[in-house]
Amino acid sequence: MVVCLGELLLRLKSPGKNRLLQVPFFEASFGGSEANTAALLTALGHPTSFLTVLPDNDLGRSALGFLRQSGIGTSLVALQPGRMGLYFLEEGALGRPSQVLYDRDNSAFALVDPEWSVSLPEGTRWLHLSGITPALSERSMLWSHACVQRAAQVGASISMDLNHRTKLWKWGQPPEKVLPRYLGHVRLLLSNETDLHSALGAPYEIIDPQNPEGSLRRNAERLFQSFPSIEALGVSLRLSRGAEDNSWAGALVYRNGDLFFSRTYSLLPIVDRVGAGDAFGAGVIAGFLEGMSAQQTVELAAALGAIKHSIPGDVCLVQRDEVERFLKDQSGRISR
Amino acid sequence: MVVCLGELLLRLKSPGKNRLLQVPFFEASFGGSEANTAALLTALGHPTSFLTVLPDNDLGRSALGFLRQSGIGTSLVALQPGRMGLYFLEEGALGRPSQVLYDRDNSAFALVDPEWSVSLPEGTRWLHLSGITPALSERSMLWSHACVQRAAQVGASISMDLNHRTKLWKWGQPPEKVLPRYLGHVRLLLSNETDLHSALGAPYEIIDPQNPEGSLRRNAERLFQSFPSIEALGVSLRLSRGAEDNSWAGALVYRNGDLFFSRTYSLLPIVDRVGAGDAFGAGVIAGFLEGMSAQQTVELAAALGAIKHSIPGDVCLVQRDEVERFLKDQSGRISR
Amino acid sequence: MVVCLGELLLRLKSPGKNRLLQVPFFEASFGGSEANTAALLTALGHPTSFLTVLPDNDLGRSALGFLRQSGIGTSLVALQPGRMGLYFLEEGALGRPSQVLYDRDNSAFALVDPEWSVSLPEGTRWLHLSGITPALSERSMLWSHACVQRAAQVGASISMDLNHRTKLWKWGQPPEKVLPRYLGHVRLLLSNETDLHSALGAPYEIIDPQNPEGSLRRNAERLFQSFPSIEALGVSLRLSRGAEDNSWAGALVYRNGDLFFSRTYSLLPIVDRVGAGDAFGAGVIAGFLEGMSAQQTVELAAALGAIKHSIPGDVCLVQRDEVERFLKDQSGRISR
Amino acid sequence: MVVCLGELLLRLKSPGKNRLLQVPFFEASFGGSEANTAALLTALGHPTSFLTVLPDNDLGRSALGFLRQSGIGTSLVALQPGRMGLYFLEEGALGRPSQVLYDRDNSAFALVDPEWSVSLPEGTRWLHLSGITPALSERSMLWSHACVQRAAQVGASISMDLNHRTKLWKWGQPPEKVLPRYLGHVRLLLSNETDLHSALGAPYEIIDPQNPEGSLRRNAERLFQSFPSIEALGVSLRLSRGAEDNSWAGALVYRNGDLFFSRTYSLLPIVDRVGAGDAFGAGVIAGFLEGMSAQQTVELAAALGAIKHSIPGDVCLVQRDEVERFLKDQSGRISR
Amino acid sequence: MVVCLGELLLRLKSPGKNRLLQVPFFEASFGGSEANTAALLTALGHPTSFLTVLPDNDLGRSALGFLRQSGIGTSLVALQPGRMGLYFLEEGALGRPSQVLYDRDNSAFALVDPEWSVSLPEGTRWLHLSGITPALSERSMLWSHACVQRAAQVGASISMDLNHRTKLWKWGQPPEKVLPRYLGHVRLLLSNETDLHSALGAPYEIIDPQNPEGSLRRNAERLFQSFPSIEALGVSLRLSRGAEDNSWAGALVYRNGDLFFSRTYSLLPIVDRVGAGDAFGAGVIAGFLEGMSAQQTVELAAALGAIKHSIPGDVCLVQRDEVERFLKDQSGRISR
Amino acid sequence: MVVCLGELLLRLKSPGKNRLLQVPFFEASFGGSEANTAALLTALGHPTSFLTVLPDNDLGRSALGFLRQSGIGTSLVALQPGRMGLYFLEEGALGRPSQVLYDRDNSAFALVDPEWSVSLPEGTRWLHLSGITPALSERSMLWSHACVQRAAQVGASISMDLNHRTKLWKWGQPPEKVLPRYLGHVRLLLSNETDLHSALGAPYEIIDPQNPEGSLRRNAERLFQSFPSIEALGVSLRLSRGAEDNSWAGALVYRNGDLFFSRTYSLLPIVDRVGAGDAFGAGVIAGFLEGMSAQQTVELAAALGAIKHSIPGDVCLVQRDEVERFLKDQSGRISR
């Protein structure tokens, strides 16, 4: 059982390439980094449970239905008074970037009772969370940190996706102060080419996706020195030539210095890039859970992230056999 | 110039008769009691200006565009950091009621600086607001009360629509404590058959729309005694036989005891009942501004409210000549 | 073979009950009185051919596809340079009437060459047209009048639906001057409760649909006196209590004074009332072509008109066996 | 635990009031009598599990997601090769009836292995099925009959909704031959005003919903004599004045002759009448499971059926507290 | 007159790039290889007639309307009891392939009476069919084979598009056994780069679209030796770099060894690749019918296939003059 | 204050990549070259006013609302009887070009009274128009020419975008006769790579966007000689490799021979290319109004045109700070 901890959001997207409210409709779906990872882990065959607070209203109940539909366990979901976290999304095109407008302050999740002492279910092997949760509020930081400690105590592996979001982190303390408390428990750290630099500060370098090896190694070395619990660092590498035109690959660095790169995907035109990193993370976690080789793991993770770019919404809606076929053939020939 | 003060909301409605998130879309539009009244007053030929705070983001800027499109003056709109007030709407059918899910806590409007001292434009003859504003937050109460005082000082008439909302009023003080501070300045009070009772308490009676006269007169008498500035009370009278099957009429009571009823409209099937009271209010205000007779005024107001039931969205999108034709002929025969 | 002569229009309707351009979409379909009648006659089993001019562009070619799809013969359709006739439609609700905004001036049809001498196909038993064609332009009047004369010469029966449209008739001559030239050839005249009065003037009375007999008889008598070719007058009788709440029936008066009424349908809520008169006309024509009894004819015609109110678009999309079932049972019980 | 046995269908509905393929879109949702009942029982607070065969393809997997989303247990769902059962739906209006076009022959469910010996989960108190399953194929008849026998053996109560469908029953044997084998095990029989007559033949009378008592009592007496296991007969009573204009009520007859009627609901305009009988059935079953009084039971059942008419789709998407409010107040006043 | 024989399908496509049922809608249209070819041949100016069986229900009648709208003759269409053949389509993106889910077993077409002896209309110069028809059922194989024999007897040219579909061919015999019976009558054989290999087995090679000449010549030689009636082999050559990123060209080989290549089109982003091969086939047939040169023929065919990639749906909706302009200019500059 | 003179059109676009009326919907928006420029100038911070005639009907009033929403002044808009100018748009893909079908003959604008003597508002620094207006009708030519003369008299700068449209210019005189009357007053001339050649004839060369300098210099020289008032020539340079695959850049030539090129943008896949030239023009005008350097001006103009390709509709909906960011970074990385 993998427990994923995080906030589930209602995503409200302007249709097609329209600017926000250019046409009077929103496409609604649910998402959020940790839920995206949970849904994909479930689809890959790993039982998951989602640990969160949802508002006790019609939006929260719909969100709960989404988790159930995805096959994610919901026994750790608390329905509390409060509001649903929202995010408005405008899809970019050409050189115009996608825009995320967060509207999640004071959500039921952000107002979680820090004293809520969650009992992790028996058989919890893994706890996954992201750097978004401590960014939201002091309460969500305190509570999630306690959850991590408890999971570590019962012997669960901890994975964390740094997932740095500049528009969050408004509650008082900066990430470089807060995150180390988590990293001391983490076994697998996930990030993208800029996360370490943005979240933990200047000693960490931004990785050039076209020439990643040096900075990647230096970042990993520094990380492994500072946080002895970390076994491996998974990094998604995106080169953005335009909102719909990216290169995409993954890397995996181990404490012993071994470094593995996936093949590189050239993605044009991208359908929806949100959630690609979460899909990458699900792949790395699945590799660990299944005892895959490092090369297999990074290839699976990168492939899942690549596939995510072809699917609307936050979640990488894909089945295991599709992924296996994709790993062998990316020609996209019609199946009939 | 009529200044309308209030919060503009982004309305997110489930399409058709679907329950919230039954289908993954929202129809988006802007509305809010005072803006609805402002838009209709403008359409009827009265220059208006909207006094509000909107968030300084893409949602707030779209809201501003809505006001401009409606022909409402926007020189009194402040763009401030914060969030947009939202409301989710699920349309009822048969005996299943429409549901409003407010998500407007901590909006840029609710967090208005109480010290913001607004300069009303020259030529401001009238200030309109509703009981929703003091319900939202202490800040919006303090600020709006100061605006009312200032308007009264410069000789503007004040109209207030009680618009009682049970789901609001969470900031600390109850309406019966707060509203009298406003009513001391009000010239025209607007309400529906239950507002006075719900907002100001038991001495006021709920009006039976099928037999309104007695309770209406008693309510009015009590009101005129308590608040000497009030010249007239406009009341919309709705009998709800089902979510889409209502009767609708209006009444107007003057301090001298004169009581005028409009004709009664039988409405089935209703397209959208939100904003009917705001349309009624616009009609009464227009009657006052144009010096119509009381009977003409209440007929105009009730007709506007009736027409609103046939139009999707919060706003009664109608032109003056259409209203004139409607007052003469409600047969709905196609025009070609 | 029934030849139907008239203009085919592209109809652009605001979705649902929205006011024109309230939402930025139009539902597009094809229609027009005579095409509506042709489509239904075809569905009832009578071969038809449409005689018209369409613009030689993508819109005209789509219109041609619509005729073909409906099974209507297209060998009499001329593609000419020019524009497509359009009409914008806003659907009414409650007491707010539906609005038709014609945009058909200078269409390829209105600019038809009056000298175009159409060869009616062998086997043409019937020519149907409406009062809309002479209303459009002098050219369409001259040309259609010549067509009527030619059809009469080859022994075809002529039916005409008066279909008076106040918003048309702008080219110079009034209907009461123009229409008699047609009526001298007509065998079957179709109209609604106001058409004769509006198109031919005061001596003709508006018929009260709740008490139709007297005025109907007087109108018919006057008509039969003036136009000896007319054998029968078919009249649809609509009582409008609201845009979606009508009563509907039909009457048929013969030269010998025999008068037949259909049953009366109570229609609430109406889906789309446009084209109901055209469906009524198709029913009367079918009755004549099939030698039905007068009572059967008027019942068929009224039923078709009633059914049309339940179907979106201009055309009464119904099959013969459905009509037969409807004539026996209007309970609307689900069929499964 | 209530086990519901039946086929889950993909419903493809023409949008709005459009005739089938009048516009090139289908609204897709899942439904089917027994799944509708299961979903509502779950929403009312009773754990359920769905016993069915779904095709092992993307449609079947989506159907499985629908069950999970609804909170229905899926451990008894078998994924087998084959096709998804479909039904096409055209919504009626006025006197034009809704049309169901079944396309479910040779579905994975209809081809169920009759030898599939299902292990009912521990704690199975109740098995619910409908007369649709034996109508589909000999295989589904044989298999479902065996399931009923097994459930009876383990002491579960059996409820059956006759749900007669004229368009089915094509595999060879007529319902009056087949159904008695089931009825010998049934504790609670559900039906509408015509089911007994249509499914079991002439000795049973069609019930006049406006004067139901006599025929209802005679039907019940005959039924209780023939099938000693039946404790009660629940009957939904619909009077159809038009596709969107019905009266609706429920009755409950007990073996001792006690007869209970619910209040009667006048329903206009109906949103979606499909699934109302299934909602009625869920209400009766819930009444039995909760030990409600007979009057409470029939009122709950009829209310759920009435509410269903206001909700698009097959399923009565309602929460328990909404039902409680509805039982007290059907005015449909907006909640805000 | 070109007679096209095959099954017409209702295509149900998930909107945009959504996975099947990710959003609850389907876009509905009609298509099928031979109908696609017929529609385009008609648009190019060649009279066609479609020879098929459609179900005698609302779906079949809509399909008939589609044929009429396309200008295809329908006198050879039989309406029979049965079901409509369906296919569900999920559009691929990037490396995720489009998915076709066939649901056409036991369709009215698959159940065609093998004894149905069709009278080909006078003036039938050409009969076109595809390898899909014999793949569907033994009945459709027997019947279509008889049709081919009859057409050959009356001197019509036969063209066949191999159109190999791995997901079909389930009725018992493999394609390499069945197809040779047809090929003995064929004058023009159409295929893609893999069809010959997949359908007729290993001696035929898969053609590498980037280096096609060798294998193409060897395949052709083998084919011409085995089937003396075949005059020419048309081959569409697709290189798939991703679901939306293909290269596309055509080749034409004659019995005398002459080999002609079209120019190569680089297609990114593809709108809808379904039906491109059918459009290619229509081009080759049109070239033969019009006596074009081989080079002109293959250029026309490849251009039509290229254009198809830019048009949603199965059918290449294009007019002759557009094709002529496209052959001269593929810059895609806006025309205004 | 910048006054923009031109016709505002209702644009009716087929959804997505569908051919015209392939699906029965149109996306409706407002646009037109000069209004597009006005809207963007307003968004960039320059007060504008639109000088036009709109029809006095619901379409014209909606158009007025669009102008207001965009923040454009409407005091110079005349509502007159007549029709709304329309254009139908079909979006191209791959080598299939976008198609514009104009339906603007006899619009209220085309029938403007040539004697309408407009009073330009005080503070009018600039008048902008395009070559479309004189192309529409003799009346619009005479009137707009008088407007230009008047603006020149009051010292306003005149900019003109040649915007040559082959499908217009049907009223009698060719552009090369008409346009010089305007060019004698123009300070800033805008055009694309073919406009000068198409509108003013052979001495002007078509500019090769891949090697523009020579022809650009020769064109400019000729122009500056002929029209001494022209200070600068702005040229947008588009290379079309396909409907969605273009290169885009801008050039600016001054009377003194100075020539400035912007960076070149590679655009794939284009969202909507309509209005890119208008956005380019707005950028050049803004550069002049703000006294930017030539290089800054041409970079701003080209960037605005590039951004326009990423936005649906006619108008470049962008804010100043977005443009500034875009000038620094075109990577299109998501902002969150």
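The chains carry the letters A, B, C, D, E and F, assigned in the order they are written, with residues numbered from 1 in each.
FYI, a contact is a pair of C-beta atoms (placed from the backbone, for glycine too) under 8 Å apart; a residue touches a chain by one contact, two chains touch by 3 or more.
Given the structure is predicted, the values throughout are model-derived calculations rather than measurements.
Chemist: So which chains count as neighbours of both subunit B and subunit F?
Modeler: A, C, D, E
Chemist: So how far apart, in whole Å, are subunit C and subunit D when each is placed at the average of its C-alpha atoms?
Modeler: Roughly 44 Å separates the two chain centres.
Chemist: At least two partner chains per residue is the criterion; list those residues in subunit B.
Modeler: 19, 24, 99, 268-269
Chemist: For this assembly, give the contact graph shape among line, ring, star, complete and other.
Modeler: Its topology is that of a complete graph.
Chemist: Using the touch rule from the top, collect the residues of subunit F that touch subunit D in their complex.
Modeler: Interface residues on the subunit F side: 23-24.
Chemist: Sort out for me which residues of subunit B touch subunit D in the complex.
Modeler: It comes out as residues 16-19, 22, 92-100, 102, 165-167, 240-245, 268-269, 273-274.
Chemist: Taking the complex as given, what residues does subunit A use to touch subunit B?
Modeler: Residues 12, 19-21, 24-29, 57-59, 62, 83-84, 86, 88, 90, 99, 101, 103, 105-106.
Chemist: Contact residues on subunit E for subunit C in the complex?
Modeler: Per the touch definition, subunit E meets subunit C at residues 61, 65-66, 68-71, 319.
Chemist: Please name which positions on subunit B make contact with subunit C in the complex.
Modeler: 265, 267-271, 306-307, 309-313, 317-318, 322, 326, 329-336
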